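In what follows, chain A forms one complex with chain B and a second complex with chain C.
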Partner chain A sequence: MNARSDRIALLAVPGLAFLAVIYALPLLLLLFKSIQGVDGLTLVTYIDFFSDEFNRTVLWRTLRVALLTTLLALVIAYPTAFAMARAKGIWLTVFLVALVLPMSLGVIVKAFAWSILFRSNGFINTTLQTLGITDEPVRMLFTETALVIGAANVFLPFMVLPIYSVIRQLNSSLPEAASSLGATPWFRFTRVTLPLSLPGVVAGSAFTFSLAISMYVIPSLIVGERQQTLSMLIARSFLYLRNEPLGSTISAVLLVIAIFVVLFSSWLAGRLGARQ
Partner chain B sequence: MTQTDRITIFFAWAVGIGCIIFLMLPIVITVATSFTSSAVYTLPPPEWSLRWYKSLERRSGLWDAVQLSLNLALISTAISMVLGTMAAIAVARGDFRGKQAIATFTVSPLMMPGLVVGVAMLQFFREIGLRDAYWSLLLAHVVITLPFVMRTLLASMGAFDFSLIDAARTLGMSYPRAILKVLIPNLAPAYLTGGLFAFLASMDNYPISIFLTDARNKTLPIKMLQYLEEQPDPSLAAMSSGLILMAIVVLVVASRTVGLNRMIDT
Partner chain C sequence: MQPKTTEQDQKSHRYLDVVGVTKSFKGTVVMDQMNFRVAKGELVSLLGPSGCGKTTLLRIIAGLLEANTGDIVLGGRNVSSLPAHKRNISVVFQNYALFPHLTVAENVAFGLRARGMSSADVKAPVADVLALVRMDSFADRPVSALSGGQQQRVAVARALVVSPDLLLLDEPFSALDRKLRETMQIELKALLRSRGITAIFVTHDQEEAMGVSDRIAVMSNGKIEQFAEPSVLYAQPASPFVMDFVGLSTRMSGRVTAQADGIATVETGVGAVRAHAGYTVGTMVQVGVRPELITPDPSAEMNQIKVQLNDVMTLGSKTVLHGISSGEDKFLCELSGIRTGYARGETVTWGWAVADTLIHEVAA
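== the complex of A and B ==
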């Protein structure tokens, strides 16, 4: 290490110091306070939190919604990324616009649009009735299904783009080589294309999942107070109930989950990278 | 190409086109409802009208919220650009341990729950005695924008040929001047893309901002959700359509200068 690159390393100091004080320190203090008892460290707030059945229901719902959202986004995103990687000219532009335009729009705008779509007199219900699929309006707003659909819609670009960028870089001659060696299409997909595109899938899923466990605007516009998630409980305990200890505990629980997702996904990405 | 290949490709295209429709649906619906003459959201609207656009003039505090959001987004993005450039150069050029950790750490606010970051900042600012809503919001918005700038700058600086900087220095430029005159123009697409997404993230942030506002400092998303709770009429769709138009204009300009494909690369 020479003096020059030493000095270059110093360039990172202002940004890191800023993030350390304004971002990392507050989060660490929050975590610390959640285990701080009258005398010494304690897990009593967590025990209290998990012993309440309502809280467990909300935690489970949050995880379930996030998981289903990630799965739905993945199921749509994978074939889309596959088609996109083969698209050229105007079609590629259409795909890119469809991904980038929603990404540049606020989540409030999109969640609000879904709350209009899901109304009992909304577009989806009118279409279903015109097509004769149902006679009566289906109750969609305020359901978990609506939430998963709306959330998957909002996070879809974050799933498609990492998978697309991996599939696009795949050497298209690899599956062809496998095929000329007599591999069946199924074998080719499961042994060549899928494993090579896994880093994109992991990156997209981790990002979507961590956005979905902590989303607040989307559930508050699509399901409202009826089906609470952890984020909504946090907002409610701080902004309406003024119950700060409860809000801090739930925040700490959500933070621990988020950190776990980040660490787990980077560990997984590292393992995938090492294998290839 | 075998039969199975053709079916697979057809299936991928079918899902892909469905995906395009799915992604565009909320945007189309919002714009369509904003031109309704009715006070409820019916589609297709009974009659087309501009009444909800006109009603925006009467919304109290809307313009103040727009100004505050623009102000925060511009200043925080500018600060993030400076901090981000320095940190990204350090990661790209420096020779020290923990470079990967720095990269992960600076991008990590993207994956942290917004409400929790907001709560933690609220408690922290209170403890250090920072009570001014504007300054709290500005500090928080630098944390919101920095990851977007870092992500694009880290990716593009990894591919930048730093011997250009050394060449400029041999020709007598100082290091900061070489960065300004050589590095930044060369990485203009990355700056534009990172800056654009950072700006939009700041404009859109609700979960962190909600804990740091006071009665006089309300950002646009906070004001919009407040309107939605008080008076959920299609004027919100009109407001959203305004934002959609803004996004389209910005994207057209960005794609002309950078290219859509490069925007998503970083």
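== the complex of A and C ==
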């Protein structure tokens, strides 16, 4: 570190100050509330939270939905990112617009659009029945499946873009070198392209998982009270139950999971990066 | 001006046979009916300026680019319709294209693993070839930790370990500094010779091409201008382009004013120049001579021109005299050792043997 790069580091001060006041400080106050008992500090809210089976069900569901959302988004995003990385000119623009434009459409609009699609007399059920695949309408709205599909749809850009940018930057002579060394397309993909694109996969998955684990609007609109998630429990604690210690406790649990995801993905990215 | 080839030569040159290859990009023909033959064990260079089609030809031979028409026959096998991974043609890329997520040994093992060999079976051949390029002590290093010369050695080892039928090298020395480049050229040439590898180098550097190859194909605008041994290219360039691209020259344009006894007399801006040639009087030609064949002290029967000196460069092993050029006419004379007594602006007489004059017809 010389004097010049020290001065450049000063450029981070406004951002750090902003985060400290608007993000870190309220979060600390919140965490403090979760351990603030009537007479001194206590962990009783945590014990209460984890001893309630309903809470454990919600916690497990939240993790499961976030994981499935991440996996579904990854399966759809990877080939998309691949095609985008190879796209040129107008096609690249089409891809980017198709990806980014839906983000500007509010989740509420999307959720109501999905309900038209998913409901018992909606498009999917009518089609299934017309084709004779099912006799009875399949229940889709208010299910976990619908939630995972909806969430994967909303968070797809956060999975596609990191993978796309990594594949885009891959040296194009690497797959060519693999081919000239006798590698079949499959061998080439599994031994060269896939491992080199993993940093993008890690980044995209971390984004998507973090977003999915803390989502509130999407589950509220798609599954409502039937399949609650941690964020909905937090909102209920603060808004309806006026139970600030409980809300703070659940927030702390969510925060610990988020921190774990961030640390794990940085460790994974660092490990992948170290080899390159 | 190419040396006469017997039928035997024609046959033996047919290890790699590129027949009538045509390639166009977006409607623009960049290569038209290319024919190109290489003998087994031969080291050949494709030499030309950027955009001349040399890399296109290399990529077509490798199978990384598809030709519109034409055939690539290698060792009697028509590989035209085979994808790159079935051709058994290794490529050393300009940036070496080493796999950044693999170690040196894993990079070298890649081609053998792709051919289905187990990780235990590849150990011995990988160790052998790494020893061959003196990189055995780096086997477990990540490739990012290597210098340019070391990366090139690994790239060569990786390409050779699979015993390719043909080795293609795309500007393999361009990323190395000048001194290292010469060392690597000598090393690589010896290595390829000792293993009997047939190799094609693509380069824009004529010194490099002359240093590493048995024959050089000089390319321009998607065509081979001349395909010959380095000495022939230099002494008997087939066109003004080859004369200009390969080596330095003093050259001037003029008109044939007399033709008698197999000697053409050309009137140029700096005097009459004679050459062994047969042209009709009035033909526009370019005459030239290699700078080291010029003497500042010509005898009477030599061609003689008057040149005004623009610069005198004392380089130690040689002294280079630059005349003032006019248009496309360039004047250059190389004298061995250190010469004194020349001054800028001075007009001098240069001469050379009539037999050393190079002459080509040019468009009027």
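Methods note: the second predicted complex is superposed on the first by the 248 of 276 C-alpha atoms of A that agree within 3 Å, B and C clash if a C-alpha of one lies under 4 Å from a C-alpha of the other, contacts with A are read in each partner's own complex, and residues count from 1 in each chain.
In this text, a residue touches a chain if its C-beta (ideal position, glycine included) is under 8 Å from a C-beta of that chain, and two chains touch if they have at least 3 such contacts.
In this text the structure is predicted, and so the values were computed from the model without any measurement.
> Assess the superposed three-chain arrangement around chain A: do chain B and chain C clash, or do they fit?
Aligned through their shared chain, the two binders fit side by side on chain A.
> Quick one: is A:Val192 in contact with chain B, with chain C, with both, or with neither? Answer first, second, both or neither.
After superposition on chain A, A:Val192 lies in contact with chain C alone.
> Applying the touch criterion given at the start, work out whether A:Thr93 contacts chain B, chain C, both or neither, answering first, second, both or neither.
First partner only, chain B.
> Touching A:Ala177 in the superposition: chain B (first), chain C (second), both, neither?
second
> Of chain B and chain C, which one contacts the greater number of residues in chain A?
B
> Can you give the closest approach of chain B to chain C, taken over C-alpha atoms and in whole Å, for the superposition?
5
> Quick check on my understanding: which residues of chain A belong to both its chain B contact set and its chain C contact set?
185.
> What residues of chain A sit close enough to touch chain B in their complex?
Against chain B, chain A makes touches at 1-2, 5-6, 8-12, 14-16, 18-19, 22-27, 29-30, 33, 76-77, 79-80, 82-84, 86-87, 92-110, 112-114, 116-117, 119, 121-123, 126, 153, 156-157, 160-161, 164-165, 185-186, 189, 206-207, 210-211, 213-214, 216-217, 220-221, 231, 234-235, 238-239, 247-248, 251-252, 254-255, 258, 261-262, 266.
> For a test of understanding, state which residues of chain B touch chain A in their complex under the given definition.
Result: residues 2, 4-5, 8-9, 11-16, 18-20, 22-27, 29-30, 33, 40-43, 83-84, 86-87, 89-91, 93-96, 102, 104-106, 108-117, 119-121, 123-124, 127, 139-140, 142-143, 146, 150, 196-197, 200, 203-204, 206-207, 210-211, 221, 224-225, 228, 236-237, 240, 243-244, 247-248, 250-251, 260-261, 263-265 of chain B touch chain A.
> Given the complex with chain A, which residues does chain C contribute to the contact?
Residue list for chain C touching chain A: 62-64, 83-91, 93-95, 97-102, 110-111, 113-115, 142, 144, 158-159, 162, 168.
> List the residues on chain A that touch chain C in their complex, please.
Those residues of chain A that touch chain C are 171, 173-174, 176-185, 187-188, 191-192, 195-196, 272, 275-276.
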